[in-house]
Each structure stands twice: as C-alpha cells, then as structure tokens.
Amino acid sequence: MSSEQDYFAVGPDPLDLLFAYTLATDLSQGAVVCMVGTVRRQTAGRSVSHLEYEAYTPMALEVFKQIATAIRERWPATGKIVIHHRTGKLALGEASVLVAVGHPHRAAAFDGCEYAIDALKSDAPIWKKEHWADGESDWVVAGSVGAKPE
Amino acid sequence: MSSEQDYFAVGPDPLDLLFAYTLATDLSQGAVVCMVGTVRRQTAGRSVSHLEYEAYTPMALEVFKQIATAIRERWPATGKIVIHHRTGKLALGEASVLVAVGHPHRAAAFDGCEYAIDALKSDAPIWKKEHWADGESDWVVAGSVGAKPE
Amino acid sequence: MKVSIKLFASYREAYGRDEVILELPQGTTCAQVQAHLARESPQLDRWSKIVRFGVNCQFVPPQTALVDGDELVLIPPVSGG
Amino acid sequence: MKVSIKLFASYREAYGRDEVILELPQGTTCAQVQAHLARESPQLDRWSKIVRFGVNCQFVPPQTALVDGDELVLIPPVSGG
C-alpha cells in the first residue's frame, strides 16, 4: 500500500493541527479524525511545570511507518495518515502529539486514529520527562505512579 | 454539570477546526479528539456534485446540548465539547460537521467524540440533500441505497 | 387552538411551504396533524410511519396532544453529519 | 567488531553520555551489551528486565547477535504521546 500520502514528523516545531487536517483530508475521505495530546497541568495529582520530550528520531519515524502499514491492513480504505510528535521543552497546554487519519467512513477513522496513538505510546522510541512545580523531575515510566494512562 | 464551556453552532459559515480545537483544549485536558465530516466525491458509487444541508436550528442546538449532557453522564471528567454543523450549499471536500471533545484521558475523548457524532446523526433535526453529477438530487434517507453509513 | 407547523426537507418540498399555521380543535395530537397534512399532500404518506415530532424543540411521542401556540415540527428521516 | 550504542533518557543520564562506541567480540548479543554497560553504571540495572533493543531502527530480541557497524539503541520504557 503506497504510503507516500502520509506525513510523519518528529521534531521541536509546534504542531499545526490545520496543516495536519488539510493533509489528511481529500475528496475521497468522508471523515478525518484528529487526536491532539497536550501537556496537562497535573499528572497523578502532582502539578507539572513543563515537560521535556526526547526521541530517537530515525527509529520513531520507522515505527510511525509501521503503524500506518498496520492501520491499512486492518482498515484497507484508510486514506492519509498524519503522525507528528514534538521534542524538546513543552509548556503547559502545548500540544505534544498529533495524529490524524482520513477514511471514507467515520467509524474506521476513529478506530485507526485511536490505534495509531495507542501504538505510538507503546512502541515509539520517545521519552517524556516530567518537570514538576516542586522542582523535581523524572522520566515517565508507563504504569508507574507518575504516569496514569493518558 | 455546567456546560457554558461548550460551543454549539448551526449555520452557513465555514467550519473552523483551529477555533474548535482552541476552544476544546484547556490546561486540564490531556487529549482533544476532533472529527470532521466532509463532502465526499461519491456516495454509493454515484458521483456527487454538491450537497445542501437544512436544519431546524433551535431544536438542533437543543439536541447538541442534550448530547453534551449525555456525554458528561457517561464520561464525567469530560471537559469542553464543540459541535458545529454547517447549513446551505457545500462543495466537494468542504467540511459539513465538526465535533471536538476534550478529556484528561484520550480513550474517553475518543469515545465521547464518537458518541457525539453518532447521536447527532441519529437525532439532530438536520437534513442533507445530495445533488449528483447527473443533475438529479434527493434528500438522503439513512439506510436507503443513497446513504451508506458515513 | 392555533398551532404553527414547521416543515423541512422533503416535507417542505412535498407540501410546498415551510410553515403552516393551523386552527385545530383542542387536544389534536401530533399524529393527527401528520395525517391531516398527508391527506392534502399524498406524497407525505411515505414518511408517515417514520416521521418524528418535535414540540417546542423537544422530541415528543406521536400521541402528544398539542396546546394553543405550540410549535410543532414534522421531522422526516434526518441526515446530518 | 565495532558497534555504536545510542543511549536515551534515563540511560543517557545514568551513563552520562548519549553515544558509546564499543569494540566487541564477534557475536556479542544486545543483552550482553546491556549487561556490560550495567556493570559500569549500576543505576542501569533497574531497567535491565524491561529494556528493549533496536538495531538499525528495528526492534530486535535481546539475544540478537550484533555485527560490525551496527547501531544499537537501548530503549528504556517509552513515554511518547
């Protein structure tokens, strides 16, 4: 399945929802579902000052491609897929990740988009360091106290 | 549950995804999921020229409010909800409906957003007239040949 | 009593108007109004089993009795989204 | 053989560097490299059971033997999104 329609990116620039949407939509899509993850004020009750993301970019992009392939195997009519993850320092409220999936039918667009973010969170070589208001900071370990499923 | 945070609109102006996203996100949201429905080139194999939407606006807005209430009953931590439906003539590729839901956790943001569009499609007093390339046109009746589930 | 009937989409086109003000006996129900309009415009018949009714922006069952000043909307199958 | 080891997040901080070039005997496996580094920086131990390995941008099992010029990345628990 050609995937040159897709757009994958990992980098420090702020995410652009409109750009992603415009990319993900085309005349054969009936629905585009976008999910944007943002820096929350609190995680597990501890107030956050800011976050820091680090990525092994070449492999993250490779994982994004594999996620797109898997989505198209399950939902063959899926159109364009956009996966964009930010790196570097992020303030409260800023968008850290954006996933957009186009499909002729909305149910599959929802499923594909949710699949993409779940797979990214489990496999993409990207790490989040939480800096809390009390000055402490640590790398988030999924499943540990500091990282409620987001 | 106060819902003054929500934004409901029915009208002819083009939909604004960025506006909806900015509304839907705030510091307590971890995820915002947006779904945009667009005018497809074809429905059930018949090529579309353009669409026309008609709404009983006051009741549609009422239904949107009830949808938001129902979402908050099922997913109490849901933050802001945006539901915006266009009326009037729409060209191919234009966005007809936009739903955005914010929630601290993405799974509930996905579920709430999908619930909203499904409920809108079954209950909102809004009607779509398909104008096909061959000059014919008719009001869409869900479940009839002309209206594959979108 | 006086009731304003709002017509949309296929109803408006079949009936040729988007609003009708009707003078009706007390206690007339929504379903009876639909039947009344369908007698005048037989094309409305195809919806009679699946039309829904809204009174003052709330969905109501077909047997709901109308009161003076109500705004009734006959809702053919919807197709928003 | 020569292998470049890429370290990220908690590994980088624990080991103090983001890349290490190691001269290793033929057939050394990813798991053995992890053990080797952990001997030098015991704080790495807490990940040893859950670290994952990537060779040339693909996930590989711990027992995968490395070859000259490979780029191995030690992947502590990820937290993207």
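Some points to look at:
By written order: A, B, C and D. Residues from 1 in each chain.
Here, a residue touches a chain if its C-beta (ideal position, glycine included) is under 8 Å from a C-beta of that chain, and two chains touch if they have at least 3 such contacts.
No experiment lies behind these values; they were computed from the predicted model shown.
Note on connectivity: the fewest steps through touching chains from chain A to chain D is 1. In terms of their C-alpha centroids, the spacing between chain B and chain C amounts to 25 Å.
Centre-to-centre separation between chain B and chain D, using Cα means, comes to 48 Å.
Computed centre separation for the pair chain C/chain D is 72 angstrom, with centres defined by C-alpha atoms. Along chain D, residues 81 each make contact with two or more other chains. Counting only residues that touch two or more partner chains, chain A has 37, 106, 117, 150. Under the contact rule defined at the top, the touching pairs of chains are A-B, A-D, B-C.
Contact residues of chain B toward chain A in the complex are 17-18, 21, 25-38, 40-42, 92-93, 95, 104-107, 109-110, 113-114, 117, 148-150. Across the complex, chain A meets chain D through its residues 37, 53-56, 58-60, 62, 85, 96-97, 117, 120-129, 139-142, 147, 150. Across the complex, chain B is touched by residues 6, 8-10, 12-13, 54, 57-59, 73, 75-81 of chain C.
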